[in-house]
Amino acid sequence: MSTNQLWETKPLEIWDRAKALRAYWQQSIDDSAADTKLLLAHGNTGDVSWRDYFSNLNIIEDNPVGAMMASTSDEFSRKSRLASEVRGWGREICGYVQNCWGAQFLGYQQDGSVFPYRDLSVPFTDPCDQHTKRGQQCMDLSPIPRWGGDWPIYLGEDDPARDKELIETRVWCTLKIIADIERIFDTEFDDASFINDIKTERERSDHGIRIMNLMTKTPSPLSQKDLYSFYTLGGLTRLPPEILGDFWQALIDEIQWRADHQIAAVGNERYRYMEAHPSPWHFLKYMRYLEHYGAVCIGSQYSQMMAGSVSWNKETKEFERRVIRKPEKDVENVKTREDAVRYVLTEARGHRFKDDEYFRKNEITDFAEGFGVQGAILALWRGGVGCTLTRKEQGLRLSKMGVRVLHYEGSQPGDRTDLDEKRFLDQIDEWMECQGLQKIS
Amino acid sequence: MIKVAVMRDGQVVAKAAGEAGCIGREENINKLYKEALDAAGLQESEIEKVAATGIGKFSVKFAADYITDAIAEAKAARFFFQGATDVVDIGADKTHVVSLDGDKIKETVLNQKCMAGLGLALDVISHRLGYTLDEISQFKADAAQGTIVNDGCPVFAELDSFEELNQGTPKEQVMGAVIQSVVVRLNSILREKEMPAKDTTVLLGGVSRNKAVVEGLKARSGLNFLIPEDAVYGGAIGCALAAAG
Amino acid sequence: MKYEYGLWPESNWQSGGIDWRKAKKISAGVDVGTTSTQAAVLCDGELFAWSNIRSGIDFGYAAKAALEQALGASGMKAGDIHQIAATGFGRKNVEGAAQRLDDIQCHGKGARYLFGKEVKTVVDLGGQTVKTIRLYSWDRVADFKLSDKCAAGFGRSIEVMCNVFHVPITEIGSKSLDVEKDPEPSSTTCYNFANPEAVGLLRPGYREKDFNDNEILASYLFTIAWRALSTIGKIAPLDIGDIKLEEKVGFTGGLAKNPGITKRIERELDITAATPKYDPMLAGAIGAALLQ
């Protein structure tokens, strides 16, 4: 243990297991590309799992593909982005999306195999920025059907009547999408399973929130660096229970053990900072760099999203889940497809942290307080206009509560050329030194 | 630009400024350093400590210490004006706003990557329009006479300038419009977080020598900048003070 | 800032072999761009004289000066020219022009003159814009594309950076090619990002090995070249697959003389730059003259 190290540290034992699980992701893409099922682009409406109830449907999401491309080949990513740009897709589009659909326009994947062209597209549209264009690129190529679900935004005070109407809109959209897919592709939505799953669904797992609370300890047993890997694992692999096994419980157990024994994620932890949603592309590099100052990234709205909407309880000193809306009917009364859709759509609006009256104002400051951070690094992007505006706003809230905020111009996700790395390093150094910190390792 | 400042017992005894010329800038740095020492009749061995700051600080290979910009600027501001609460440093490649809280640095603001408003953009465009920096410094506030060029991007500002000339707008007006666009941009950077204090904000950096920009910025922002004579050497002086400990 | 490094050499040329007094038709074209101005004088369709100078800020004056310098000591005066046509950004300021013609058609015609019939696609790499033109028949324009306003500043960017770097503009291209492997481009969004970032490349970064001087120039010029690719690509038939142009493409404009740009475009698009008969910056002026 060096003299600068304040805490004992050791690598997570569960890494190997995590890596083995992640290998399934590429496998799932290869399988999807090879089989005869229809391929859905995006498909993330958050509430209805298309893949589970249309037996002839598979999904390949664009963001993970774009991320994978960017992390394995600069050259191929660049070539793909160019292919997309040449067809009129501007630099206002997220880099992940440019990467993935650029490869579509090229017609081949990185390994030379044929691009798995999509058959339909159900993107989740976010009205604030480039998300509104999601799903258009595959529609550009050939006239595949594309539906945009409505994700209304409302910035006023809590209005249950309005929310009810917004939910009705979303119910109608969802029902239409299901009916259209049935008609166009001559297939059937498995209503019976859908309704049954609602009735037998267990309590939403509390893994996310338990991990969050463990990370509030000092030293933190887990840093954002690690958590981000696990977070993407969950979304990416969608593994069947027999393969996933007790992975999440094992992870929590290990983190708990580390917390109990004060095993730190970063041995010289003496400064805690957080970031916002989503994580910037090159986070691994700058988080490692900041560890030279003994600074650890603890909280992030992005990965902590797996805990759902949370708030900080000042008395119990714990994060708690917020229940935003209870379903209108009891699960016992869910009889038809419409009942079922209305039941799962408890969220009236899109990303709650953009407009929810509590979330938007308080979540970032709750995080800051709960995780005990001294600083925050908030990235500004060209493509994510809505997120960027939010981060400016969040920066002001955090500054008011005494958190030292660093805004920097981050790269488009998946586009490494977009970050002025040297400038960023200067900014980080200055941010640390202005708070009286020097490098200690 | 490279700026060198040599200090002894809290006094500036030598200073020099010269072009950096990025490729091969190490050579220029070494040369300028020697020049500054020679002018003051000093030997290298007499210098107890050398520190460097600025975008090119790591090219000063003989520096014992590298001082982050904000800290150098803060020290310089207090050196020039003891009661300084804010520092604004407008240079070729950056605009920096630093707010102080006692001896501590409370907040810093850096311009976004875009070159708009910066010294380099002003230099380049005015040269393209056929003016020297000294000449445009004399421009009056109403020089633009209503002509407007883009204030968000120097590329667009220059394009707009060509278009204006193409239409027959007198070049003095076009230049006046460019100066105005620089002022607008700088003003918006000042406001990024908290507006610096009205009467205790120090202005440093090369652009502080440009009277037209400074007067325009004062008028637009409402700040009565405190501008030391050695404003250009602010970073170097602050850096020397930091080296002295 | 010293401005000598960004000054590309002005030039002019007069044909020794043409007796202009015997010519039946003498026409001239003047192409006034934002950065450079060219004049070309034809005697019965043959190139007799030309010049290439900086535009300055008085476009009318630039046109006059260009014509004078082109004529040089040949004995011909402006008054001997039967018809003058103007093209380019500043064309409306050219005194004595019988016609003011658009860039694209002049360029198409002029490019044909410079490259002969082997070239179907012409790429004009200018000071502020990239233009691509597809030709059919001899010199007719099938299609053309211009770069976005936001990709503005190409050649201009390099002029500026040569002064920042203290590298002569006539050498920056070849220096940038003298590298083991081309590094990744820096920010390809806008030259305002690329320029400060290029300066920043001198600072040590995350990587163990930092760029040497030539690699910094390489990264920077790769960025500028990259910006041109999307405009060039748009002119190609956009079937699924890589961007496919014919093997030989005609580069014109100031950057056609910068191997740091042209070699990289060639490499990325798998094409070869055709060799022009005369200075590639003359396409617009020659075309305007031919149209008289």
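Labels A, B and C are assigned to the chains in the order they are written; within every chain, residues are numbered from 1.
Keep in mind that, in the parts below, contacts are C-beta pairs under 8 Å (C-beta built on N, C-alpha and C of every residue); 3 or more make two chains touch, one makes a residue touch a chain.
Here the structure is a predicted model, which means the values were calculated and not measured.
Path length between chain B and chain C in the touching-chain graph (shortest route): 1.
The interface holding more C-beta pairs in contact, when A-C is weighed against A-B, is A-C. Using the average of C-alpha coordinates as each chain's centre, A ends up farthest from chain C. The distance from the centre of chain B to the centre of chain C, with each centre set as the mean of the Cα atoms, comes to 35 Å.
Averaging Cα coordinates per chain places chain A and chain C 46 Å apart. A separation of 41 Å divides the Cα centre of chain A from that of chain B. Under the contact definition stated at the top, the residues of chain C that touch 2 or more other chains are 187, 193, 196-197, 200, 203.
In chain A, the residues touching two or more other chains are 420, 423, 426. Of all residues in chain B, those that touch two or more other chains are 55, 113. Those residues of chain A lying in contact with chain B across their complex are 380, 396, 399, 409, 420, 423, 426-427, 429-431, 433-436.
Looking at the complex, you find that chain C touches chain B at residues 1-3, 34, 56-59, 89-90, 92-93, 128, 149, 152-153, 156, 160, 163-167, 187, 190-193, 195-197, 199-200, 202-204, 213, 216-217.
For chain B in complex with chain C, the touching residues are 19, 21-25, 55-56, 58-59, 93, 113-116, 120, 123-124, 127-130, 153-156, 158-159, 162, 165-166, 171. On the side of chain A, the complex with chain C involves touching residues 74, 78-79, 82-83, 85-87, 91, 105-107, 141, 285, 289, 382, 416-423, 425-426.
Of all residues in chain B, only 55, 68-71, 104-105, 107-108, 110, 112-113, 193 touch chain A in the complex they form.
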